[in-house]
């Protein structure tokens, strides 16, 4: 198992180095895809391994410079393995679908993937996310998450124009500041352990009920850590970087950021929530996450309603989904947490698809304004059909898995006596639905001849297979009870949601 | 695997086949293949529904990744009540599918259109089969997405389609969210998501009340009750006609099914205010719906509003039943519920024909504005006959299904309990409302038929109209035959309704007693009629028809004798009203037909009128041209929804100002959040 | 080192840290700010060193050297060069004038004391008593980020914030594990480098490094 | 002779009686009016002579008119059915076809629809105008009818007209109860409106802008017109007889006997004649209401009916 973990971490780094150094551009095009496959395969391998042993505490790999007292820095359990598989799957969708075909020249939204640094950064980004999933040490997890900011900073600013630069600046400053607050929280959590004489940042030990911890410090620390990671997870009011970064990054990068980067940060929140809940009971975290979740839904609702830009609209839709996840996490319990984990997968598959399509629409239409795009279904069915399908999936129409998770989260909310919060959330979801539906309909439907675009219609290109596969997966995973259900149950158990 | 389970699986398989055919078949064959498969699916729904209605049981379940129960499954397990509605949905779907074979050209016959139609019907047929919350919501949403796609199908032709689709999508989602919340409350209160367990759980108290209100609003939205009806007059006209037929005749009924399911099975024996809530929704809907229908001139919009009216009537019957049950009058409760189901079936029958007929008119003339139709009885005799029969049904005239159903409803009302003060105050008002509704319905459908099919063509399209192709005429004629058959033999429907209620445990105070009373309250009288021994009334339309024939026969004979001696003479002009008879501008239009009514209900309808007078250039005292426009908006939409939407949009614009791009402001958000957390935690 | 002496040194280091932070709010010259930042880094390093010596912990002393190298030397040099490269000399018009900012820092310090109540616990030792100062430094760093218009100033604010966090880490838990510390330091350095590169590009594209220009992306 | 056959025979007698007397009743009313207005009048049999004349004439058909021949027959059939259903001579009704209130109203409305369609079928502006007004009045009348008879049916507990009449015979006091009076007045107004008498419609005018009934039948001629007129007279006769029977139920056969039937026939003729004469003399003093004030009249009658219902709750 240790070998798998090392492989998962090592290969992306290796690929990054290789593509940085390599002069052969044909090869580096596929580096990120290979890295994604590595993450996916190792994730699935770890899922299988953790499942077959059925051990929540599995063997851990210890780094050479390990100075931790107990356990190791790297660790794979059902949860992290599942999350790693999600990263791999989503990254594969994003990188494969984001691969522009060769015949397309330089256009506003395509990046020449042959450029070594681009591939290298993508690989490093993937590696950092893998590390964040596999780290047992909160500190290392923090480092990995901060590393995602560093690796993506240039990816966001890839285009190099004013807007891209602005987005990158905002992204780095807001992200780093937010994550710094998270570090402050982690520091305090660490301080809480010193009282017991065995200081540790190991998540397993912290969540262990026998661990002597200072409750006050944990309360403050967990609150600050969640607040900090909420920045990277895109929860309101720390979300401000997100629409800018998502709308300016190349499609594949926005896809990756929205699909997995947010959920990586959210994964950290989930783990910290477990620590806090084990010691203090659910109340403190519930308050924070409820506030964050409802605020995010509110922000999404308010800003989607009259949003003029479709890439920003999608970014706000990500905020909406993160808000839902936060609500689910606030609710707690096996039903809600299971739904949250599945929602991460479902959203992770649907959102990259729609971001990639949005990127292609931008290429074809030359504008990212909603009122600049008309009658897409009639003019560009190859863009409009996947766009509509992915939007329907995101809106939670069955058979999209998001339908099941939303139902489960709402029911779980009522179960936990949070009916009022659910009522607010449902109201906001209706507004969001109306807003998204309005913009989507205005973009895609209508007469073909009413185009306002001055540009000649560009024939869209790019792989359709990954989009099709991803959306098909979104449609069937709600029903695929067998293996996935067990995996999620184990992951929920890992988060202490067994009761 | 029981026969019923086979039926359920067969529907799924046929739906899959239909979707495959829709996607894979070559364009010329697509309507035939996809429509054929959909037709079969509808028929399998009819068969399965009949089995369930007959009392067969069966469960089909599918595992889920995340489910509500411990075992995370969704189940299909129709009971008798569900069986009736599945039968209904299947029958309507089958007729519409037959029609679509001939009708579905263009957008409605595209790959997406055909596939969405199959999905729509599948959802529709499986909603009443659902055995738990997840299955219900899932099939409900399948229905929603399928129909939304279909409403939007003709988006490339008219611009209104988009706004209609949006209204529809938003209102449908509203309905879904209310249902979700309602079922969540129910699931929590009953500790189970399975309908059987919930029914056995006997939930009561505040939670039951909350669940009831949430579910009722959700279902009312789907059923198109005022004030959540706004999608109906927009979506129905813009959808392809066979889709509007299914939407109006069957999908809207799922709202009715939901209410009946809630009050008879999930939350039986609710307090009296529940009945009042339903009544308060139902009566205004009936009146408002028919009033709007009577003054509109868009044929499909008229039919849509008429749906609101009919659902209002149906639910008023449900409300009477609930009120009667809560005051312990089980006979009336049973009869009223039977009346509700009979009205449902009857409305399904005639509304299918009306929408399909409207589609045929649209197909033949490219017009759906009554003001531009006319004289079609000559060019489209078969459609005219079917449409006429359906109009009789809609106006509840003998001897159609609508008549029998309204008769049962009226009987329930007449015998409604007057023991308590509130009911006795409400019942006469209810009767008056229903009577006015019936009167206006009469006017509306005289207008619809008379203006569309009689007099002279008022537009080029109407002049050159031709009878539509065979599958379409076959579909409308089958529907019309059903309207007549159910009218002549209402005993069939009544028995089916009573049977359906047997499993539901009927409204009422205590399950078993009322169960038998519903069965006892309704029976087939002599022949095929319907008898209500519980309240001592019976009706035999067949005998009535015979009597009518008996008294008309001498008249016909005399006419025949006279005609032999003095044959009819064709002349160009009889009296002619001044000799301008031949002008298509002369016959009364739908707008002018409704004008007296608009004047009577001026305050309620508040039409916007615009009178423009163009003066002659030479003198201001000479008028060159006068133009008069009158426009009737949906008042509920205008005064309730539009301000709300405008307010939301303003709020959205304000929110966008907040996100103004300033780095410092964004940091400020984070900073404030940090301070708040720090202070809150220290507290 | 005596206990009293330890407390004395600890106190003065903490004092320098907060003082440099507050002075940052007051100073307008960018080069002055950079110097203050270097001083603050040195104070932080001294603080770590003091505690390391007191606890006889070689690891901490190593960390102190690392911090000295990065925060007192490397980062100020990088910043100084950036400032020179972009040609920005003064923070002319901060969003809040210095007087208000100074008063605000007093409020923030109060908040810091308020907020550190649960952290201090019942019987705080000498090191822990300085925690509020750390929180105050964090908050003041944030205030710098919030009020400064120059890109470099924001960078400085970020580093001040980070110094505050490092100080809290040291005071509450005696520092974080070395592997984490290494990662964190590397990250901070990289963030500063990236921001430096971005500042350069800002200068190149916008012709200035005034953050008020960055308002093109909005709803 | 079994009860059913007897009942059927009586129904046939009832139909025959009204068929024979309806034109006479019209003649009588016209005669009364004429005399009151100081004219000689055409005699009570003039309507019969008119019918005979119309039967001999050939009907004309304009292009586009499709149902000019069928609708009058339908109208006539509906009117006859109405007559057959009402408890005019006897309170025993056909077992298979009870004289249920709703059935009666539906049959009445069937006739209304037939004549409105006739107006629309003609394709002229007047036909449509008449149909429109006719249907508007019908729509507004319906609530009053139902509520009024509902008020009458509450004490009896059934909506069967024969049961209501029978109950009034058994308890004559109920006839003068406030419920009954209010309901009867309401019903009377409704009958006036539905059958197109003054002040709702003027049956003897051809002034285009005010007419309702005449506008619809302008295009009919020959036997078609004959049927339409005959049917209208029949309807008015039947409804007047119904009102008369509700107001003064005496004479209606409860226990079958040949003499009783004869008495019932005489009583019916008398009641209708008196009522008709009363209406006719009343009409002399009335002017036609403006069309758009008709709803006020109908609303008034509705309120009366509604009060009747409320009163019925008070007395029960």
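Going by the order they are written in, the chains are A, B, C and D; count residues from 1 in each one.
Just so it is clear, a contact is a pair of C-beta atoms (placed from the backbone, for glycine too) under 8 Å apart; a residue touches a chain by one contact, two chains touch by 3 or more.
Predicted, not measured: the structure shown is a model, and the values here were computed from it.
Nearest to the overall CA centre, using the mean of each chain's CA atoms, is chain B.
Taking each chain's centre as the mean of its C-alpha atoms, the one that lies farthest from the centre of chain D is C. Chain A and chain C have Cα centroids lying 31 Å from one another. Taking each chain's centre as the mean of its C-alpha atoms, chain B lies 68 Å from chain C. Distance between chain centres (mean CA atoms), chain B to chain D: 35 Å.
In whole angstrom, the spacing between the mean C-alpha positions of chain C and chain D is 99. Each of residues 169-170, 173, 177, 219-220, 243-244, 303, 307 in chain A touches at least two other chains.
Chain C has residues 115, 118, 142, 145, 154, 211, 214-217, 219 in contact with two or more other chains. The touch graph of the protein chains shown belongs to none of the named shapes. Of all residues in chain C, those touching chain A in their complex are 115, 118-119, 121, 138, 142, 145, 151, 154, 158, 161-162, 165, 168-169, 172-174, 176-180, 183-184, 186-187, 190-191, 194-195, 198, 201-202, 205-206, 211, 214-217, 219. Contact residues on chain B toward chain D in their complex (touch as defined above): 294, 375, 377-378, 395-398, 403, 406-407, 410-411, 414-415, 418, 424, 428, 431-436, 438-440, 442-443, 446-447, 449-451, 454-456, 526-527, 529, 536-540, 543-544, 547-548, 551-552, 555-556, 559, 562-563, 566-577, 581, 586-589, 592-597, 599-600.
By the touch criterion given at the top, residues 169-170, 173-174, 177-178, 181, 219-220, 223-224, 227, 231, 237-238, 240-241, 243-244, 284, 288, 299, 302-307, 335, 338-339, 342, 375, 377-378, 392, 396-399, 401, 403-408, 410-411, 413-415, 419, 422-423, 426, 429-431, 433-435, 437-438, 441-442, 445-448, 477-482, 484-485, 488 of chain A touch chain B in their complex.
Only residues 15, 55-64, 66-67, 69, 73-74, 76-78, 80-81, 83-85, 94-98, 100, 102-103, 106-107, 109-110, 112-113, 116-117, 120-129, 131-133, 135-136, 138-143, 145-147, 150-151, 153-154, 157-160, 218-219, 221-223, 227, 291-292, 295, 302, 306, 309-310, 313, 316 of chain D touch chain B when the two sit together in their complex. Here chain B touches chain C in the complex through residues 655-656, 659-664, 667-668, 670-671, 674-675, 678-679, 681-682, going by the rule given at the top.
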